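Next come two complexes, and both contain chain A; in the first it sits with chain B, in the second with chain C.
== the complex of A and B ==
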């Protein structure tokens, strides 16, 4: 774990969970897997607090535990999982676009709570939705359960691993920590629950009299009955979301390079291979042109011939995203996922170079990328840039480690005057370097946001107090004049300052999410390359 | 000449050589002798053997010219002698010195009436040893505009995709004709020159190229294949990292919390937030 990653993790943990959890979490990330007593001793916190912190971290899937030899249980933090916390807004937004508000709230609840049972999720979401609806309408549990089942069917939610049921014939003492197992088939199986009920509002003061006692009664009975699906916990399947983001990136790349129809065809192909292909495979399963034609979205009436032409065009394109793997069934086509990710990663690198150093530098970079190894003189000739400028740009990129030098000696003594020096680009190492820079940038943005908030803390507290006073006065029915008086407690320049603060914080937040998009592309590329090796 | 003895033949040949009437050449079977042209023999009258040797070396170098150090290696003469001889030959207007574009201090020598080769003067892109970058830029933009308009007209025609794509391609021959007709270049440009310009557009990421097999007779085909070029859009918009000030910051490596340069007092961030 690099310094930048550790710093970012510590900032995230502190923001979401507080000081103590942050201390324990960072300690675990730094030192790897450790048993409980060692953690308590090294961080100097009491055993009780360490236990509570570990509870929180395990519940949110940030820390795993394992039984080692001699019955010692060791805890290990997952740094990459902590960094995913940055991406929560993106997950929630994606669910909103796919499954509207119900799905969005389900995923939000699960992300904020780590693991939950289905009935608990359904109840909470129904309550929240009911609050936002107009008076008199309530959200039915059945609707929320339907959304939940749909999410589970498309693998966006999965079951958490369970402790295996130990038979009564187990002789020895129970193991110090259960090893959790989950059957592949059961991961997306929704238990048959008949959740009947409606969402409840928090403030039920204006409801009709008949509604109130009924609501009170159901609440009371719920507390007494055991929850039918106790022990079956659900969590969000992050890999599935990542697969979705990757598909989105590929489709938009195709749309930019070709036209809308081709991108729709690619989207159809990706949708068809969602469940069949594991997310880390370099190629999707071959799909025949007939299948694709049948699965095209309704309303896209292009003839079979046109579809075939588009597929041939896609397969012949220099981008090489789609390949033709056979001729049966009207032509079998595969999507080359690894190549797609590699092209997106190189496009990211190119765009960073273009913005930082200028378009001529970008030209040199792409040139060396395409020709793999080039001498200084050849670079000048191909790029048609004067020698002095070309040299300057190459050295600048070299100092930032985007380009590297390969020495080929002519003589055994490696004399510099008798060696060839070739410029080359190693995409994997450049991607890693850029990823590290992204992490540090996000950490900087978070720090700046916290700094801005701290600077204006006094003002924020004042405005909060004023708002609380106004709210309470409105509830007790105050007059217009009194409300205005209170509002004037905040002067105009102060109001301006608050506005600026809000705008800045939003901007910083938004840019964190934007940098995270880059992080996602680079991470997917690195992961895909490492798997192939 | 079998009726003369070998010894006498050798003497005669040596005398002719010293008089400058014969050229001595080496081939893989042995030594060959060639009679020299009469006016050439006249030209070299008055020069001694060394000058003749140097002249021959320069003549052999053809239109690429030869550097003075290489002349020294080939003739094994000392440097001072070489310089004197070169000055002599230059004043007699038999050779000339041409400045090379690669290393501006280097001078190559070639025969007086020869045109210097492209590799020495740099061809169409160099005028008097200076790389004409504005000229290249202008050509660059013109070619790109031509390809862009072609692609747009193809896209608007809304026919079936194959035809659309094929009509958005332009062969290098077409681009060459367009540029020639545009008349922005004072120097005659060949198709290879245009292809080097189009290659720079490929490295800019604005154009892609395919090679197709074409019949020998079609115009613009070289050795049975043609290069087709097409304007394309980038596949990714500017990435997220460069939208934050940290992505473009020149002092990124010095920045850390509590230091002189830190996120809390970053002036780039302050400017960016005021946007």
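== the complex of A and C ==
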């Protein structure tokens, strides 16, 4: 873990779970796996608080535990999982676009709570939806559980590893920690539940306590019936989301490079191989052009001939997103996922160079990238940039680690005069460096946002107070004049200051989300490259 | 190369012209300070992406940030909880956190709060200590109660009553009482788990008894006035 990553983890943990959890979490990230007492001792935190913090972290899948020798349980933080907290808004928004509001709330609840049972999720989401609906309307449990099943069927949700049932017949003392087992077969199997009922409004159920809602409430919550899916917890399958993000990125890249129709063909191919191809595979399963033709979305009027032309065109493209793997079935095509990710990562690097150092640097960078190894003199010549400027640019990129230098000595003494100096781009290490910078900038963005809010703490509190008072006055039916009077408690300059703050915070927040997009691309590329090696 | 050495010229092991400096040109100064914290950039950053999805995600992010603070998983430091000034508006902004009981089956056994009762003890002790202060101050009340106490001769019961009455008189004590009640509720919840444990529960029970004895001793002292 680099310092930048640890810093970012610390900020994220603090924002999500408070300072105590942050202290424990960061300690674990720094030191690796540790037993309970050592954590408490090293962080100088009371055992009770350490336990609470660990419970929270384990519940949110941020810490794993393992039983070691002599029954010592060690806890290990999942740094990369902590960093995923940045992407929560994107996960939730993606579900909204795919599965509308119900899906959105299901994923939101699961992300906020770490893991939940299906019945709990359905109940909570139905209640929340009912609260936003008009009076008299309610959300049916069945509808929510249908959405849940759809999400599980498409692998966006998955079961958490199961804790073994504690049989009383077990001889000997119980183990210090349960061993969680995952059954691959049941990963996405939704338990058969008969969830009947409707969402309830918090307010209305209090008002007509004697009415129907009350009766239902007793039926579902107060009655201590054994919950049918007790112990079966669900979590959000982040990998599946990443696969979706990757597919979206590939589709939009194809759309930018060629046209809408070709992107639609690629989208169809990706959708067909969604379930059949594991998310980490470098290629999709081969698909014949006939199959692709049949699977094209209805209403997309292109003839088989046009499709074949498009496929040939895509396969001939130098970016090699699509490859031809055979001629049977009218031509077999695969999507080269690794190559696609590599192209996207390289494009990201190029655009970073362009925005940071200008287009002439970007020209040199692309040149070195294309020719693999170049001597300084060759760079100057090929780029057609005056020698002095070219050198300056080259050295600038070298010092920022975008370009690397390879020495090839002619003699064993490595004398500089008898050595070739070849400039080259190591995409993997450049991507790593850029990723590290992204983490650093997100951490900086968060710190700046916290600073801005802290600076204006008093003003923010005041405006919150005023808003609260106005809301309560409105509820009691105050006059317009009175409300205006209270509103004027915030002066014009204060209002202006608040607006500036809001604009700044919005900008910082939006930047965080968008830098994370780059983080996703780079991480996927690095991960995919590491798997190939 | 060899001719460059000595004679005032910086000695480099390589041909300096190769890196772009002509003969006799002044080399740049050695930099001895760290680069500036906010350096001037040659190129200004491009504006952020805007659009409906970006706006929605921004709203989601800010909403999530507020929501997580209200989740039971957000553990506040004790210092944050107590505010020196009690603000009127606090009542409007109060956050209600749901209880969260982890599924102990999924957690290592050492995670269970064994010492819950012990932890609750010092709190109640201080609460009682705080009670005693004011009760000594208005001694008239105390004397009345002591008389009652003597009549009944049942130390334990009257002691409880003593507390109850004061609770109704002293508004400030309400907070403490609430806290105690919460603790009791928590204890009850945890009891189930603790009965599975070894005799931790019994230990703390005895300690509780000790405390009680100490308290009644104090009361005896008062009675001798």
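Here, the second predicted complex is superposed on the first by the 507 of 533 C-alpha atoms of A that agree within 3 Å, B and C clash if a C-alpha of one lies under 4 Å from a C-alpha of the other, contacts with A are read in each partner's own complex, and residues count from 1 in each chain.
The criterion applied here is as follows: contacts are C-beta pairs under 8 Å (C-beta built on N, C-alpha and C of every residue); 3 or more make two chains touch, one makes a residue touch a chain.
The shown structure was predicted, so the numbers you read here are calculated from the model rather than taken from an experiment.
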I'd like to know which partner A:387 touches here: chain B for first, chain C for second, both or neither.
both
(Q) Quick check on the superposed pair: does A:55 touch chain B, chain C, both, or neither? Answer first, second, both or neither. (A) second
For A:276, decide between first (touching chain B), second (touching chain C), both and neither. neither
Query: Just chain B (first), just chain C (second), both, or neither: which does A:507 touch?
result: both
- Figure out whether A:356 sits in contact with chain B (first) or chain C (second), or with both, or with neither. both
Examine A:100 and indicate which partner it touches, taking first as chain B and second as chain C; both and neither are also allowed.
-> neither
* Asked: So, A:437: does it touch chain B (first), chain C (second), both, or neither?
  -> first
Discussion item. A:36 in the overlay: touching chain B, chain C, both, or neither? Say first, second, both or neither.
Written reply: second
| When the two structures are overlaid on chain A, which partner does A:448 contact: first (chain B), second (chain C), both, or neither? | first
Going through chain A, the residues touched by chain B and also by chain C turn out to be 355-356, 387, 507, 511, 513-514
Contacts from chain C onto chain A in the complex sit at residues 1, 13-15, 18-20, 41-43, 45-46, 48-49, 53-54, 56-58, 60-62, 64-65, 67-68, 71, 73-77, 87, 89, 92-93, 102-103, 105-111, 113, 115, 119
Counting only contacts in the complex, chain A reaches chain B at residues 253-254, 256-257, 259, 261-262, 306, 309-310, 312-313, 318-319, 343-344, 347-348, 350-352, 354-356, 359, 362-364, 366-367, 370, 377, 382-387, 434, 437-438, 440-441, 443-445, 447-448, 451, 504, 507-508, 511, 513-518, 521
Contacts from chain B onto chain A in the complex sit at residues 102, 125, 131, 133, 136, 140, 155, 160-162, 165, 196-197, 199-200, 202-205, 208-210, 232-244, 246-248, 252, 255, 257, 262-264, 266, 269, 273
Chain A contacts chain C in the complex at 15-21, 36, 47-49, 51-56, 58-60, 65, 67, 73, 88-90, 92-93, 96-97, 108, 112-114, 163, 166, 174-178, 180, 231, 233, 355-358, 376, 387-388, 391-392, 415-417, 464-465, 468-469, 471-472, 505-507, 509-514
